[in-house]
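Look for chain A in each of the two complexes below; its partner is chain B in the first and chain C in the second.
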Partner chain A sequence: MNKVQIDEILNKVNGIKITHKRKTRIRVDVDADSLPTLLELIKGRASYIHLSAITCVDWIADNQFELVYHVWSYEEKCLISAHTRIDRGSEKNPAKYISVYDLFKPADFFERDIFEMYGVTFIGSPRMEKFILTEWNGVPPMLKDFDAEAYVQETFKWTDYNPDWLQELTDQGGGIAVKPEDIRTAGNTHNMSTHRERDKAKAAAVKANDKMQGWKQ
Partner chain B sequence: MKKELKIKQKERTNPLAHVFDDFIRFCQSKSLFMLHYCTGCGAIELPPAMTSRFDMERLGIQPMVTPRQADILLITGYVSIKTLKRVILTYEQMQSPKYVIGICSCTVNGGMYWQSYATAKKLNEYMPVDVYIAGCMPRPEAVMAGLQRLKDNIRNDKKEHKGSAWKDYFKRYDYYLGNQQALFGEDWQTPTDIIAEAKLYGLETEETYGKHTKLLEKHQTPLLPQEMRIK
Partner chain C sequence: MRPENYQAVKLGDSNEYEIFIGPNHPGIEGNYAFRLMLDGDIVVSGKADAGYLHRGFEKLMEGRLWIQNLAIVPRICVPDPAPMEVAYSMAVEEIMGIEAPIRAQWIRTMQLELSRVAAHLFTFGGHAATTGMYTPMFWGVADRDLVLDLFEDFTGGRVYSIYNIPGGVRRELPPEFLQKLSNLLDYLESRQNDYDNLLFTNQVFVERAKGCGALTQSQALELSVTGPNLRACGLAYDVRRDDPYLVYDELEFDIPRQKHGDAYSRILVRRDELFQSIRILRQIIERLPSIKGKIRTPIPNPLSWNVRKGEAYARVESSKGELAYYVVSDGGDKPYRVHVRGPSSMHAVQTLEFLAKGARLEDVAQIMFSLDACPPEVDR
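Moving on, here comes the complex of A and B:
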């Protein structure tokens, strides 16, 4: 099947955008409504029978989830990644989407995983329940608005680095260069938006610490 | 510094008691069976430490496959909260005296997973740890040094100080149970009756009991012998 033929099949779906990345990869963008049609079409007409993964991206600024269905064809040796966006929902009204379990049985596994990590309910999926995080009762942890660092700070205690037993090592020129507490307070900047800002804050804390301790090389 | 907890000790009348004790400690330190609970990546350093290259057996330490016949519980790496439950069950099944070694920085303080919502941070909040071997991951030499340290601790444990961390679990059970309940919820119960064991070993103190053990008693279902039946 060549490029023209696959394009012809894909173009049967309304409002589709096709990007040929390379010979073995095609990206398509579709509406949430027409995604099941697309999957059915490429499974039935173009030998794309292996759903190898469903992934989810949390676009918190757009208030949307992006779902990506990766479907592989053994005959074409080509992967179609179908991207679609659904409404992110809210705490009271969680995001919903239709399951593709009737088309691809492995979807059970992936949909359950996304349900657990992002809280997207897939209607028609056989087991929408806890999967790996059996001990977890909080919000779905992969959501961008779940602050893992703040959660950790209030749930766990830290080992304190007791200078009594460290003194001996420090006298010999060893010991701890930067105390974990200092990194942690610098890292306690979970409202900072970029990694670069965080890194800057951390670097500043390290520098301050160096000065304080008069750390010698 | 932790305060000394008093236990009711039996009167010892044999004048040679301390000689026997010393001998027993000597023998104990020379023959240890180790259960390696490979929770994290640090486990990869164990095969060379156990086998011909570094050869743990020359220290008298052998791997063992079941907790009921092991002396040492080796935790190699990060402990996720889900695993921690299993680790505690394993630990409680072991017979005393038992020793815990935490390999890897992750068992000390969460290591590189300190930000993770899913891993426990300090292993010694949930069970008494004898020796920590820090490093990400520690080389087999460090593992050997740590095991040697444990042996020395057991051998020189005259004042019941370093080599008797396991007693702490019975003496301060309320503390450990409290930490476990904080993670696993209030209806947490293990299939081992620690308080009864503490009584058996004569290791109850006032800190064995507390508000957490009271909570446990409230919902504790009695442990019944399992029915033996062939289907």
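Moving on, here comes the complex of A and C:
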């Protein structure tokens, strides 16, 4: 099947945008309403039978979820990535979409994963339940507005950890060199000069170590 | 689920009972649980229970620099970490529109194949152990250790090498390395007869493995099974050949396959692949010295590196099957989204639940290991 033939099949779907990225990759953008039609069409008419993955991307600025269905054809040796956008919903009214389990059985795994990590409910998916995070009752953790670090700071008192051996090191002038909170407040500015100084010191240490190679051998 | 939260189910007047096996289980290379409903010793149904190795890698990666993530990705699969680094680097390269120099691509291919050899040695040992044969396990792990020695030699790390970087590889090969590799391949080839006598033609093992956990080709395709497990059902599909990456289109290799799709076919495919990998490595030893040039395309200062806006789906063939990274960049210094599509996420959940149905309890461990699943790929 050449480029023209596959385009002809894809163009049967309304409002589709096709991008041939390279020989084995086609990107298509469709409306959320037409996506199941598209998948059914390429599965039935163009032998795209292998669902490689379903990915969810949280575009919080647009208040949308992007769902990407990667489908591979063993015969055409080509991968179609079908992109669609759905409404992000809210805490009270979570996002919903249609399951493609009737077309691709592995959708069971991916849809359950997205349900768990992003809170998107797939209507018609056989197992909309917890799988990996069975003991988690908070918001879906992969959402961009869930701050994992803030959660850790609030929940775990890890900064209180100060065993004897660490205390001893600190007394001798060692211990934690840069406190994590200092790194965060400093932002992304990396002081290159200290890196270089550290490298120099390391090189000197290696040199000194080389002199002691005699007894090692 | 934490064991302390597990509650026994009372089933009333029934012969059926539930067994919770795992999370430390002989049938899998990590922590993974499997809840079985049994009638006598026949499995009525099984339910996979993942989450013991969930470290939130995908979330972690969104909070770290592009370059820092290289230290995270190999940890997603312990027995076969190299394809993770390569797939991630390839995805970033595709977004950036850069390409690794040709010499780096050959070195990457070598690393991938060495990793495949190590992973298959590990699996064949582990699979034998699930049938009660422990000698192959010791042999497999001991021979894998020799491969790890080579990894230490050229990357500095035995298991997690963190050797790749978007744009190429980090270090040039040490002197005499190819000679050492060649010696190791000679040794592994000399072991072929021993492996065959000990395991692959050993009636004790063959009788146990034949017909165990059989999958037809159409069932495998329906369940998105890939890699050696699919080739054991008769379909010669390999990402290395069908969606070529790196320099695989310049290399000669066969794609081994079997007909029956059972545990025995699966281990035979892995055995043949081991020796195909050796064949590929021999070609690399021959060609690599004549390929001169740089090993890295320069990238901007990685500590303040903004990868341009875009997305890429990079696929490689790991020892378990089709491994893919979907990486999205919004133009920032950190990835906007990284999705890891591990082959085991297909094998260890739906396929395993499907195959366990109707199997005998003592075969469950063997079915699990014959699928060669890697639990962190499910949990991520």
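Simple rule for what comes next: the second predicted complex is superposed on the first by the 160 of 217 C-alpha atoms of A that agree within 3 Å, B and C clash if a C-alpha of one lies under 4 Å from a C-alpha of the other, contacts with A are read in each partner's own complex, and residues count from 1 in each chain.
Please note the rule applied: a residue touches a chain if its C-beta (ideal position, glycine included) is under 8 Å from a C-beta of that chain, and two chains touch if they have at least 3 such contacts.
Computed from a predicted model, the values in this text were never measured in an experiment.
Enquirer: Between chain B and chain C, whom does A:K77 touch in the aligned arrangement: first, second, both, or neither?
Expert: After superposing on A, A:K77 lies in contact with chain C but is clear of chain B.
Enquirer: Check the residue A:L169 against both partner chains and state whether it touches chain B (first), chain C (second), both, or neither.
Expert: It touches nothing on chain B or chain C.
Enquirer: Residues of chain A touched: more by chain B or chain C?
Expert: C
Enquirer: Return first, second, both or neither, reflecting whether A:E135 touches chain B, chain C, both chains, or no partner chain.
Expert: In the superposition, A:E135 contacts both chain B and chain C.
Enquirer: Can A:V152 be said to touch chain B (first), chain C (second), both, or neither?
Expert: A:V152 contacts chain B only, not chain C.
Enquirer: Between chain B and chain C, whom does A:I60 touch in the aligned arrangement: first, second, both, or neither?
Expert: neither
Enquirer: Hey, what residues of chain A end up touching chain B and chain C alike?
Expert: 133-135, 141, 148-149
Enquirer: Could you please specify the touching residues of chain A with respect to chain B in the complex?
Expert: Listed in rising order, the residues of chain A that touch chain B are 133-136, 138, 141, 146, 148-149, 151-152, 155-159, 180, 184, 187.
Enquirer: Would you tell me which residues of chain C are touching chain A in their complex?
Expert: It is residues 1-2, 5, 49-51, 54, 56, 58-60, 63, 221-224, 226, 235, 237, 242-243, 303-304, 313, 315, 322, 324, 326, 328, 333, 336-337, 339, 341, 345-346, 349-350, 378-379 of chain C that touch chain A.
Enquirer: Taking the complex as given, what residues does chain B use to touch chain A?
Expert: Chain B residues touching chain A: 81-82, 85, 108-110, 114-118, 120-122, 125, 183-184.
Enquirer: Can you tell me which positions in chain A touch chain C when the two form their complex?
Expert: These residues of chain A touch chain C: 24-25, 49-53, 55, 57-58, 68, 70, 74, 77, 79, 81, 104-106, 108-109, 117, 131-135, 141-142, 148-149, 188, 190.
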